[in-house]
Amino acid sequence: MNARGLLQPWLAFIGLFAAVSLPLDSLDPERMLPREGPLAWVVIVAMAAALVAVIRAERSGLAGVLLAIAAALGGWFTLQLLPSVAGHAGPAFWALFLTSWLLAWCLVSVLAAIPRQTGFDGAFLRIVVPLIFGVWLLIIWEVIVLAFKVPFVLIPPPSAIGAKLITSIPILAADFRQTFLKAVIAGYAIGCASGFLVAILIDRVPFLQRGLLPIGNLVSALPIVGIAPIMVMWFGFDWPSKAAVVVVSTFFPMLVNTVTGLAASQPMSRDLMRTYAANYWQTLFKLRLPEAMPFIFNALKINSTLALIAAIVAEFFGTPIVGMGFRISTEVGRMNIDMVWAEIAVAALAGSVFYGVVALIERAATFWHPSFRT
Amino acid sequence: MSDGEAAHASTKEGTAIDIRGLSLTFETNDGPVQALSNIDLNVQRGEFVSFIGPSGCGKTTLLRVIADLEQPTGGSITVNGVSPEEARLARAYGYVFQAAALYPWRTIAKNVALPLEIMGLSRAEREKRIAENLALVNLAGFEQKFPWQLSGGMQQRASIARALAVEPDLLLMDEPFGALDEIVRDHLNEQLLKLWAQTQKTVVFVTHSIPEAVFLSTKIVVMSPRPGRVTDIIECGFPRDRTLDIRETPEFLEIAARVRHGLRAGHSYED
Amino acid sequence: MSDGEAAHASTKEGTAIDIRGLSLTFETNDGPVQALSNIDLNVQRGEFVSFIGPSGCGKTTLLRVIADLEQPTGGSITVNGVSPEEARLARAYGYVFQAAALYPWRTIAKNVALPLEIMGLSRAEREKRIAENLALVNLAGFEQKFPWQLSGGMQQRASIARALAVEPDLLLMDEPFGALDEIVRDHLNEQLLKLWAQTQKTVVFVTHSIPEAVFLSTKIVVMSPRPGRVTDIIECGFPRDRTLDIRETPEFLEIAARVRHGLRAGHSYED
Amino acid sequence: ADPITFQLKWVTQAQFAGYYVAKAKGFYDEEGLDVTIKPGGPDIAPEQVIAGGGADVITTWMPAALASREKGVPLVNIAQPFKKSGLMLTCRKETGISSPADFKGKTLGVWFYGNEYPFLAWMAKLGLKTDGGPDGVTVLKQGFNVDPLIQKQADCISTMTYNEFGQVLDAGIPESELVVFKYEDQGVATLEDGLYVMEEKLKDPAFVEKMAKFVKASEKGWDYARANPDEAAKIVLDNDETGAQTEAHQKFMIGEVNKLTEGSNGVLDEADYKRTVTTLLSAGGETPVITKEPTGAWTHAVTDAAGLK
Amino acid sequence: MTAIAAKSPALRKPRSLKKPGILFPVLIVSLALLAVWYVGAYFLNAQLARDQFARQKKEPTAQELVAATWAMDRPLLPAPHQVAVELWKTTVDQSVTSKRSLVYHSWITLSSTLAGFVSGTLLGILLAIGIVHVSSLDKSLMPWIVASQTIPIVAIAPMIVVVGYNLMNGQMGLSTDLSRFIAKAMISTYLSFFPVTVGLVKGLRSPDPIHLDLMRTYSASRAQTFWKLRLPAAMPYLFTSMQVAIAISLVGAIVGELPTGASAGIGARLLAGSYYGQTVQIWAALLAASILAALLVWMVSLGGRAVVKRMGMAR
């Protein structure tokens, strides 16, 4: 770790000092962290111990464990204090909060510095690091929303979203089925496949390459806003019209990436194929497609999130009364913003898993690419 | 193979490669480069011809023209009596590139299988040829490795195995043994000679090693750069079943000296 | 360079490379490959050491370990008295890869300029070194060409010029002359020797040519594969200012014979 | 001048003619106000805008305003320029619908985004489920236009008297082929297009004063629009930044809108309010619009200060 | 990139045949598309047209029916010439500053598209650089970037409007037009940075291991390795991603026009068109958006080709 790595613990030290010595509540100067009872002391001691450990032995396992404990305790205690200081949080509250966060950040750096490992440890690390990051994102959100009393109808706190999520599982499941399992999957498959096939067609027939590619570009930015109502006209209210919008949205990234990817093979590799008098399709399948794979997977990855956005937006323009986009637009109108965010959370989860699956397939399919070898 | 055979039959015992007044100029960002100038060369079926010459004299370019990988800008050339393109489409030759050119997503065995798949050979036949040729170049046991897990010399040998597996009548080899040590090289030289003697192949071979050229060839083409041209063509009359011992004979040393002389003439600096 | 110099000064006349019980195992899809096993080697400052051995015996791997491009799995190694990583960070060495490794988007001159830019040399100094070293490898006039417009041998020479332009005290060269003809090779051998004698460099050199190894080296390390190990270390006592003539002397032939013997022992097939 | 930001519920059209007229004719200037009118759209919830501080006053439908109030956005109705509701359900005759009793098993297009409350209340009153079962009706979230009716994707669609209904006629479907159910006639009318502000702000007398001027000038605008419908349509057209509206349609719209503002001088009629609340409370269901009788959801303070009676 | 694709080995043509114009093929393909369009218009609109005739109690001849399907007021699919006439009316017949001019609206959208594209590309590049160089960012940030993309903008757009637009317009006192422009550009940025990040991360990691080793032997700093190796090697990826990004930027700017008051721009045109059921107007706006997009994509690809050529990599 470098100078930046060392800066964090020292900043945290200053923060801890501030948390102990300043008032917790801006309305009540008497309210101080050390007077909050034994639990507060546990937090203070844990933080101090972790900081000493980090500064003395930067990367030791012990420092990691202490950091984990201190950050968790600090975060938890911040949340405990939150309701009682909502709207009038004092400097010590913010100091405690920022210190806990710095500790968590230290922890992430320590964990991220562990060299890439295989097996269970590696998988554990790959999951734990973004998880810590994410949990802290949520804590920061909760603290800011509550401490500043941001209106509920603008952004609800994650705790409220979580509560809503748990109580609305049947609705969320039905929406997920309608939007993701039907519209997104179907549209994604057809859109990526057609972008790919048109790219091959363009590549195969030079005449089309000059004629069709410029026209294919016309499809590049057909705005969802414009085509969604038309697709509803053509394909009805149910999911096929959303799938059609997804098809149009995912077509172009695949087209462009495949066209570039097909041009990416090395001249010498192509010469080799020439010496075999390989025909077009043999060259395509045995050389140019493998070489194009990194590009094609880029498109698949970009499309995995694009498809979801497109399907949800498309549902703003006429749907049966089920679906993630329908729910979002309806509940916004009803000021049930917690439900909106519960739906967004489902979308984010689904989209991330979708992307992750594509990324895993990519790793398996293009293991030979330098990006996976270094 | 079968296509190659057909093309072969028609010109059996005839001319394999006929080059007349061939020249080739590359257009580059800072002006044209004349890589080949007025080359005349005739290679008979069954010959073993080596190209030797200073680095950059056009050996690779000439080999590529024969293989229809480069279009000459002047002169004429036939391969097996037809144009290089037709010969290529008839799969008349096997080519070993100066660099290994293995596909990184294929294991060594799969890389050797590549031309065989393209020719549509049966799986059994493919497996037989893969095993045979990998053993020939001493790579048995490395079938499942990927190219980047092999040393430079091993990659080069894999690419030789790939070309041999095609069993072509005409072998075009561009410094195939450059990255190999003396022992392996001697071994492969002998194997190549054996193969050549047994199967009556025509071999066109680029090398930098004078002894190698003299040992292997029936004809040595000495080239000279700027512009690339043929300065000498030396016939060597050693029997087909020669062994490494001939390298001590006076004829051998004499030819080697002549080649070295020709080679030196192509260089600008004297030593 | 200046960093390298500093590291140098402290251990002047001392050990350049010290390797003890070094081993390295690669993990691959079909099991581990032991590339280096229990290597002991000491290279003194100012020595010219050649590695020779059958293809795949670990020469490149060993050179890469010295250059801190590969992490050993056992044993210890120091370069200029410090760890390879520190030596690398101090820019203690120049490295010539087995493949040319030129950047395709840079012209030849720009490729040679690359390390000089990174070291922060002034433009005038850069241009001087580029011109000098391209001339040394006989590539004057090709400054503005892109790598793919050069022949294989020319690319290799460009990469040699690139390493020499750094003017390092320690030169690590992996078969630098593999793709060159005898004449150029002899010429560059002499140039390298001259440079070595003049600048007191330490050179570690991988080659497949026994005469080349014997001609150039003060010490020849013979290696053997599976697992990669050192089988013989041969000291050659030729004077620093040797010329090509020594290749006819009996001492030379004797050492060459010993190397050949060691090399042959590393091969599985007899001939 | 005193700045006021005013958020509309929908895009610039004759539905909001009074405000545009007041601005164009200088009625706001006369009161010393500098009013910025922000057009809305399908993706803008005025309630959310005002909660976030993006507007001083908004126009919205009362069901949405009351629902927001329950969700912690304390909106207060300060004036009600629209006396009557323009909402209706338009059906094709050929579907066999002639009365609400025929709805069962049919497909109905409904606007959501806070506009569905009156519909839900009506269906609750009729005892029809809206989950698509055989005993209820199938509900579609209707897009922006009347295509579902023209293309027979729905048996009935929601229309406003002043807008979509005209479009249906324009599309060549004569009134003779249509059956319409006005919410007003079905006894489920709720108040539309009132003016709302945040409760807190009303504690400030200066703000009440400012709003009084605003309401007064706006009413003057509405009066003028009723008197000069053609000019009002022109003014709206001038303010349409999309350049997509047609004069004919805006003239039709102002004509119909004038029928709805007729009979209101801006003062909220308590009886209308009561009826709206009762309707909404009766809606019930799993997701009721409002669960209890709201308090303090309206005030006459502003209209009183404006001298409107 | 198309030029390179043309050289696919199996179909390399003699040099003389290599450069036929682009005009003729485009013309042919366009004509084919137009034909398909007319046929499609007939079939999609036929039912509506028959209804109309039925209403007039008239039995149309085939010819009348075809003519009617191509001249409907509210067609399912307007005939090409209807769209062309509308396009003509809204471009050539209007002064470019008029609110009824599509050129004016295209410009409004284009300006925020370009702003969003530039800032999105920069953001995407910055993120990619961070992810490739800082391992803790790679592990912790990337999953959240992905998650951010799955949040439908339309859902958070009101927030951008309320928090961003109103803040700029209200508290910060920026003009309405400017705040609207910035809010739209923000949505464009949000949508367009992602393809750049994904593509560039791959590109920056794509140099040959031996080329990276070379940099190691020079003990080059990360910045040097970046400028001299990673970035040049990533160029094909970067420009491909930028083509996608600019197209998505345009979509973002159009979508962003909804929650920002849908007042002007192609998005507002589309919306107003569909709100008032003016199908022909929708199609004219769609076509305008498409042409704009094709031009933008084409310009980026030209830029990419020029860079590759300057780098001496176009063979």
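Chains: A, B, C, D and E, in written order; residue numbering restarts at 1 for each.
Convention: a residue touches a chain if its C-beta (ideal position, glycine included) is under 8 Å from a C-beta of that chain, and two chains touch if they have at least 3 such contacts.
Since we're looking at a predicted model, the values are computed, not measured.
Peer 1: Which chains are shared contacts of chain A and chain D?
Peer 2: E
Peer 1: If I average the CA coordinates per chain, which chain comes out farthest from chain B?
Peer 2: Chain centre farthest from chain B's centre: D.
Peer 1: Kindly indicate the chain pair that has more C-beta pairs in contact than all others.
Peer 2: A-E
Peer 1: If you average the CA atoms of chain B and of chain C, how far apart do the two points sit, in angstrom?
Peer 2: Result: the chain centres lie 29 Å from each other.
Peer 1: Suppose each chain is reduced to the average of its Cα coordinates; what separation in Å results between chain B and chain E?
Peer 2: 51
Peer 1: How far is the middle of chain D from the middle of chain E, if each middle is the mean of its Cα atoms, in Å?
Peer 2: Those two chain centres are 36 Å apart.
Peer 1: Calculate how many whole Å lie between the centre of chain A and the centre of chain C, each centre taken as the average of the chain's C-alpha atoms.
Peer 2: Inter-chain centre distance comes to 47 Å.
Peer 1: Could you list the positions in chain B whose residues touch two or more of the other chains?
Peer 2: Within chain B, residues 29, 99, 146, 148 contact more than one other chain.
Peer 1: Residues touching two or more other chains, restricted to chain E: which are they?
Peer 2: Residues 76, 154, 158, 162-163, 208-209, 258, 271, 274, 312, 315 of chain E touch two or more partner chains.
Peer 1: Taking each residue of chain A in turn, which ones touch at least two of the other chains?
Peer 2: 154, 229, 233, 267, 271, 273-274, 278, 316-317, 329, 332, 369, 373
Peer 1: Touching chain E in the complex: which residues of chain C?
Peer 2: Contacts found on chain C: 64, 67-69, 88-91, 93-95, 97, 99, 101, 103-107, 114-115, 117-119, 146, 148, 166.
Peer 1: Using the touch rule from the top, collect the residues of chain A that touch chain E in their complex.
Peer 2: It comes out as residues 108-109, 111-113, 125-126, 129-130, 132-134, 137, 154-155, 202-203, 206-215, 217-227, 229-230, 233-234, 249, 252-253, 256-257, 259-260, 262-264, 267, 270-271, 273-274, 278-280, 283, 288, 294-295, 297-299, 301-302, 305-306, 308-309, 312-313, 316-317, 324-325, 328-329, 332, 340, 343-344, 347-352, 355-356, 369-371, 373-374.
Peer 1: Which of the residues in chain A come into contact with chain B in the complex?
Peer 2: Contact set of chain A toward chain B: 266, 268-269, 271-278, 282, 286-287, 290, 366-369, 373.
Peer 1: In their shared complex, at which residues does chain B touch chain C?
Peer 2: Checking each residue of chain B against chain C gives 26, 28-30, 33, 52-56, 59-61, 98-99, 138, 144-146, 149-154, 157, 174-175, 178-187, 190, 208-210, 244, 260, 263-264, 266-269, 271.
Peer 1: Using the touch definition up top, name the residues of chain E that touch chain A in the complex.
Peer 2: By the definition above, chain E touches chain A via 1-2, 4-6, 8-11, 13, 20, 22, 24-30, 33, 44, 76-77, 135-136, 138-144, 146-156, 158-159, 162-163, 191, 194-195, 198-199, 202, 205-209, 212, 236-237, 239-241, 243-244, 246-248, 250-251, 254-255, 257-258, 266-267, 270-271, 274, 282, 285-286, 289-294, 296-298, 315.
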